[in-house]
């Protein structure tokens, strides 16, 4: 009798190795799939481990360029930040990884996909909503009592190792206290709201492909300890959890994009787009990348970015990003209009009418409320 | 014939000294009013200058405690930030200054209030909306052609001095590059969303009155170069302008408050309150502190802060604030619930149903859109 | 051995009678609970049926006054409408019914509560979120395969009867085509955003307790065929379903409240409150009445209603409510200010400055976009 | 010496006739411009009057088709309603009229445009923001003391006539009490969120051009007294005013569009789009049709309408619109999924997990708040 096939998102670690072995035991043919989205990993050793454990087939997919361009860039356009602080690094990676896994499952005729995400976290949702949106069936061992009752001890150990070893927590960023005493000066050029070139103004070096730009900003940000946070966050399932994250390149891009966006975007468009960005962040955090609403919001945000273009100069130093200046052919900043010395196309007397009309409502309110009566 | 009386918001500088002289020339009795909201100023020399220039009466009002408690604390509760970056320092000061000026005008029987804010800026609006809301008539010399045509040359000079001397721009904060190489460790205690105690954990020193807390955080933040920004912002009147600001204490408080709030506030309340905070920031920036809507939003935000209580530990170093930990008697963080090792009051299997029901809509969408057809 | 006790929300109908019998079969002691929230029901016959089927105890609770005051009145204050059309009648009843059921369960020492809501609907969620928020365990037979596999046939029949008999669909409202040819004239008086008195201006009759007001408006609205809708709506679980509803009294109150609110509430407060009302409606629809966010929103909305006071005159005729006029001691309508004949405290010339300053941004935009170039 | 030229928006009435005469007196060459947007007007008699009063040139422009397609259709897509009640008829007409006036001014080399809107209303703003966005200078006689001091008496009279003659108020709609006792049955077909065909199911008649559709719905709606409202509204300048409006065709379209939209649009997209629609309505009311933000919002809304397609059946009777049914090739309504009899692609047991996970947060909240302690 022909066995069912599962495509397992495999990391090479203890956790998903257990799952691989267990799925085999349960009678499945297992295809492992490991996505390279830029993490520091020994892919070949993972391949060997998978083969040793009996994987029918091993896929190692380089998704780095796709990840930057199709997933990170829209988040840059959105100024995506969850709950005012979290830059969504992990959250954005999940749909990228899962959509390729679904493609492999379809191509290989697999009946199931599987993953190692646990039953209380966000990643199970991000992973599975993508899968369900795109169709296959999911096996989530950490929600199957037969599996988790057997392996719980092992997890305890791993979790312990993971949570109580703060020295290892940050992989990309230096401790700002140990970071260089000299700053790096960068110029980032944007077009349609995404970076198209980064130049190191000290060294003259520049990069211009999406992947090179993002890698280079991760390198510079990491060197200066940019983008570390220790937060409490609200998971989709309603628990609060503690998160410790590092997003060096993302933090630099967020600051630079905020700056060029405000420089080139109309104030009222910005306000509407800010609301859409908050929505986008929440959707991505909760795993709804492949949803009609996220699609809609992404398209609206992309629309807003048509004139977000120009160069931002900034310095990176001891964990901080300082914006130094900006220029743009699409700038809405009009030096003459705003100048104290020149009147420009603006009559200061108009402000009197503007203020008095804005006050009509306030005067009525205070007339009726008798403000001073209650105050005195 | 009895002359009309004006209460002039007077800084002691060249600008408002011109206005004082000119108002006298125009036949007004001028009462000067200088508010101490914590700025570094020689108040006595300003008093003498005003008297020399012919002020009928001179008021120097210490509003520092009131400013912190009635204006800054609500902004802390709101996580008030305009356009994602500006912490609204100046914007919050205006209604505080203006409301006292109106009280003086009423008490002294003055017919007018006046100020030195220029005709293209935000401050004229913040100032005058407060005045109009609370009733008196305003004289705004920088919008009166007779005045500004005469004094424009002088302004040009002052503005030039002000804008082209970057060395002087930052008054409270050190350059992070020149800041100490050792961090300060602080613990900030909150109750109902406002700080009630700050302890320096290195030195053991602690302060607990609102004014002392805010002054001390400004001092520590300033010493480490925290809270400098160089931004483009959108003025209420629709111009973009460049702003260079420093908010050392405010930046520390924002980070600490964000942290304790997320720790103690329900996720969905937080989301609604975040929207109200954005609205509050916009209202304050635009000068609507004394408006029915700002009053309403402030009351709603205050309501949301009832359980925002606890202690946040943080370090301040080279321009950055790092949250290190938090604790609270009102914490909604449930270690057992979120733990990997313990099931707590949560069955991981429930997540399967949760995810599948969330996917109902997505599956329908993709069934109808034929996602893969269009992709492949 | 002592058996477990269940409190069952019992309607007297076939559906919950099956559940009662089945729960007994399964070994439970069953207490039935039937809430009177104003529906047309033979409560005594339901009591007898429950006793015959072996209920240990029978509770018939008159919640009508509580339902109107604590549940409907906040919805009136919120102008609660889901997806622009549905007035949430059923959705508001669920938490009212469920909270009393939980109280009975606690008082009787029952281990479980149970209900007859089906597995694809909204009511199971509204019911159970209230229960879980307030603690007990729930048995939902329509989600238990053992139950629904056995009883499905019966349901099919009932559902068929329910869905394919349009003549019976509307219980409270007359067909507008058959409604009287003479209108009724009502005056509704509000205080703090809730009705305190309704007077029929034709007959002079008036009522003033919450329950009498709501019943009377249902009677008048029903007589004139007000408040029937046939809609498609989006259930919380992501399905679209068709809903046919009638809300005669609620529709009259919505129109009257909208009117008095706009008359007495500041424009900008109204805008913020409108957003909170949309949120409230969504929360109630989805079953989150007893949630921290719904509680927060309700309190904010109640705050906004402090001056919503006055009288609205309206006519009810052939399915429509026509507002005829309004008056209020807290009116923000200033006849002199808005008059064409009198200048009032407003200088028309100020509008020039107001408009020109509002246009600053637009002119800049069009200067840069070269509007006419692209158009012509 | 060559005189300056003004293009005056001319109605043929007393008001703008005074303005025309006065502008001539002031030394301007006056070109009159009268837009036909479907109002009931004797255009030829207006032309003669203008010529008699000395207009240099007379433009009578048929903008009806353009008005329906470029202005009303986007409002239909948006479900545009201001402050929950006003369908924005007048507000939408202003930018349509003004943009053509600006084109005439440019074509004729005129230096100014002028209009008869008064100094306290919304129309002056709607008119002038369009003009300023598109460039020319405006003369607003009702804000020029020289003009309004002279003509005020006359206005008083007109205003009196206009406001105190309720019999004349409604021009398009019959009094519902006098409307036919037989309903009309219509089917409206939509594509991309705009109507493409209307069929009268009684008579079999159908129309399919935008102008014909809108005219026909105005006729049917008018015949049955649909779309009359008497409201208090908040003007942009902060005053409350009373408005009496009739929008027969717009009311039918709003109901039909709401229905087909909910039928074919994803629930979460709908929620975001609803917020954009509220924003759109406010922008249009305030006169910002030609603004970057309104442009942005319109494009986002249009994007959301791609699948809003299908047919809605409705009846029109005694002032009311009743939706009877709908069908669509893009329907997201899945009869099998929602059915009570068939399980479809949905397992009712999943709802248990869905509900329990949604309750995690609520249980935590109530555990901490000790809900029953405070209640009992």
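The letters A, B, C and D name the chains in turn, as written, and every chain counts its residues from 1.
Note that a residue touches a chain if its C-beta (ideal position, glycine included) is under 8 Å from a C-beta of that chain, and two chains touch if they have at least 3 such contacts.
All figures in this text were calculated on a predicted structure; none of them were measured in a lab.
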| note | Two candidates, A-B and B-C; the one with more touching C-beta pairs is A-B
| remark: Among B-D, C-D or A-D, the pair repeating the A-C interface (over half the contact pairs identical) is B-D
| How big is the gap, in whole Å, between where the Cα atoms of chain B centre and where those of chain C centre? | 40
| At what distance in angstrom does the C-alpha mean of chain B lie from that of chain A? | 29
| Multi-chain contacts in chain C: which residues touch at least two other chains? | 237-239, 266-268, 271, 288, 291-292, 332, 334, 337, 346, 349, 351-352, 354, 356-365
| chain A touches which residues of chain C in the complex? | 266-268, 330, 332, 334, 337, 345-347, 349-354, 356-358, 360-361, 363-365, 368
| query | Contact residues on chain D for chain A in the complex? | reply | 237-239, 266, 268-269, 271-273, 275-276, 279, 288, 291-293, 296-297, 299-300, 303-304, 357-362, 364
| For the complex, which residues does chain D have touching chain C? | 79, 83-85, 106, 118-120, 124-125, 128-129, 132-135, 140, 142-143, 145, 148, 152, 155-156, 159, 176-177, 183, 228-235, 237-242, 258-259, 262-263, 267, 270-271, 274, 278, 282, 288, 290-292, 317-320, 322-326, 332-334, 337-338, 340-341, 346, 348-349, 351-352, 354-356, 358-359, 361-363, 365-366, 371-372
